[in-house]
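Here it is, the structure, as structure tokens.
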Amino acid sequence: MSSDRLKGLILPALAVLAFEIWLRAFPIASDALAPPSAAVMALAQGLADGSVLLATRDTLLGAIIGLGIGSSIGLLLGVLTGLLPPLDRLLEVSIESIRPIPSVALLPIGLMVFGFGYALEFSIVAKTCLFATLILTRSAVRGVEPRLMEVARALRLSPFARVTKIVLPAALPQIFVAFRLAAGAALIVAVTVEITINPQGLGHAMMTAQQALRPDVMLGYLLWIGIVGFLWNAALLLAQRHLFGRAAVSEAMR
Amino acid sequence: MTPLAQISWRIASFAFAASLVVAWQLVANAQLISPIFLPGPDRAWAALVNGFTDRGLGGKLVGTLRHMTFGWLAASIAAIALGSLIGSSRRARIYVAPSLEFLRPLPVSAIIPVAIALYGLSEGMAIFVIAFGTLWPMLLATIQGYAGVEPRLLEVARALNLSRLETVTKISLPSAMPDILAGMRVSLTVALILSVVCEIVAGLDGLGQWILISARMFRSPDLFAGVILLGAVGYLAAAIIAEVERRLLAWRKTH
Amino acid sequence: MTDSAMNSAGRQSLYEFRDVGLTLGGKLILNGIEITVRKGEILCIVGASGCGKTTLLRLAGGLYRPSQGSVLFDGAPMTMPRQDVAIIFQDYGRALLPWRTATGNVALALEAAKVPAAERKGRIEASLAKVGLADHADKYPTEMSGGMQQRLQIARCLAQEPQALLMDEPFGALDAMTRQSLQDETLALHADSGATIIFVTHDLEEAIYLGDRVIGLLPHPGRVGIEIDVHLPRPRSQLATREEPEFLRLRRELFDFIEKSEGHR
């Protein structure tokens, strides 16, 4: 297995090496691109002077708060529509007509209402997370073993107790999957908002570096965004594995 | 549920959505929110109609559709071809799949500055970004589809003496089709998002540029018209690919 | 025996296993296998689980090559799968293409054999009719019962017009009623086509009921432990044949053999 892991590293290593040699040998495109070694140096410098960490804080704050707002509303609506089919049928047309609007299309509206800053980022991230959580939570709640619901009825549990003692615990692994996917999207949307309009965070730092003709800094940020994205995802997967075991993870991959 | 009950619920659901629109109209009429930010549905609709008749909104729509479909189609073809090559060899999968898994959580929009550095603020930049951003999910889905081919079917192929090419076209590719189509569905949404982003960033002819300019000039009815149109594009794109999936994967229905 | 003398005089051999051994992943699976399969006979192979019966069938199908000795088909070494040797797998649900209808699944065998398109339709219909699926030609496998799916797999194999049919516990996953009717259909197909059948099963009664001969394998490593000729009249019948004293005697003999071989390990 570990030899397979190593084999997986060969391709990226070769790509980086080829890129490095190419740009060292033909430095024509030097104000558009920089060799990987220069990007790593620029990233190291940015980390040392704190500018990269500051931008990371802004991006993560945007992603986390937006995720918090969006997924709480999505969770509430998802549980309600999952439990109450009449409500679900009533809301269906409304939900299905708002859901396909790409989040970034709401950027200009957010811009008019909130101006630049955190609030703009929260609102767009929240819209994405709301629908991702809503849809998956609803199907998780609907997927609760019918026998369990019969047990709940047989035990004459109150509607509230049914939700807290049966439905939520039973659907929890799947709901966490929903949360994990929403969280993945949150980071992507936060960076996208910054690249598109919002002058803060990692996305904006990258755009600034490009405009300042500093390809080394730009690629350093790209590398850093890749690392942050990878760690963010890995942490969520780890949490899921820790909380719900391997079964839930592999199921989520399907 | 009886058909009658189903239709009644559908009507009720539309009625509820309509009541939200009415509420929106009432809020706008009462000017609870400044009309600069929130036009009523009447003004948004008028701007939509007017946009198509007088102001070239149709051209912007075509621009967005062009960007997303060109980039997405190019990526689809590349992903299926490349994915088939990599996917049908277990050894190639071992070398390539980890790199793709690493790329998956990368926010693809982060490639935009790099693409601008390479191609400038051009349409080519947008199509590159869209193709790049949609390639990875589809490639990964294709490879996963190939990895999931039932080993017994490959044995049947061997027992029937099928050639390597026949095994791919008759066994592996159809078997991977559900995964491939799922990847294409997800990627189409990504393509729309990236089109809008590129149009905003680079000022390219498209709905992204339309909504940004409308917002900058505080013409909220135009802005809402653009957003509604983008919602419609998203809805139709999803509906079309769902229909394609339904047709191609009719065999999956179980009884 | 007069019968075997007649066989060696009247019927040629189709398969010859000559001192065949197979090692997979460093483990000796089969050793010193000497079997001759006569043209047109039904040879059944039984044995405790892990004795390598399925592996033996895969050797006959050309899916494996022997590590030692040789497998001869019609006098020539079997190095790869052949058009005129068809394999019927136990897990019919996995061996059919779920995205093709019954017709499409049978067509696969003809496409593989490069049969011209014009000729295919008639052969597909004939194959489906032989297994009683003529009315279900447009159904997908997921719309069929287990018995129908296995019939479909048999139809696909018949379309190959095989000299040899290799059947790997084909009815093991089916219910008793369906199994019995498929056994009788297999006998009818055999009488009709004259193909040679190697039939692997763990069901001793099934082996005696179908076979001209039954070979019992011993495990660890798999080797031939017993070989019996079945002198039961054909056509056979589910009730009468199974009540014959000869049937009961053979059943006892095989049963004792399996019990002893399981004690071996």
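In order of appearance the chains are A, B and C, and numbering begins at 1 in each one.
Note that contacts are C-beta pairs under 8 Å (C-beta built on N, C-alpha and C of every residue); 3 or more make two chains touch, one makes a residue touch a chain.
What you see is a predicted model; the values in this text were computed from it and never measured.
Of all the chains, the one whose CA centre sits at the greatest distance from that of subunit C is A. Interface comparison, A-B versus B-C: the pair with the greater number of contacting C-beta pairs is A-B.
Each chain gets a centre from the mean of its Cα atoms; for subunit A and subunit C, those two points are 55 Å apart.
In whole angstrom, the spacing between the mean C-alpha positions of subunit A and subunit B is 18. If you average the CA atoms of subunit B and of subunit C, the two centres end up 50 Å from each other.
Looking at the complex, you find that subunit B touches subunit A at residues 9-10, 12-14, 16-17, 20, 36-37, 94-99, 102-114, 116-118, 189, 192-193, 196-197, 200-201, 207-208, 211-212, 214-216, 218, 220, 223-224, 226-227, 230-232, 234-235, 237-238.
Residues of subunit A touching subunit B in their complex: 4-5, 7-12, 29, 32-33, 86, 89-94, 96-98, 100-109, 111-113, 184, 187-188, 191-192, 195-197, 202-203, 206-207, 209-210, 215, 218-219, 221-222, 225-226, 229-230, 232-233.
Considering their complex, residues 61-63, 80-83, 85-87, 89, 91, 94-95, 97-100, 108-109, 111-113, 140, 142-143, 160 of subunit C touch subunit B. On the subunit B side of its complex with subunit C, the touching residues are 150, 152-153, 155-156, 158-162, 166, 170-171, 174-175, 177, 249, 251-255.
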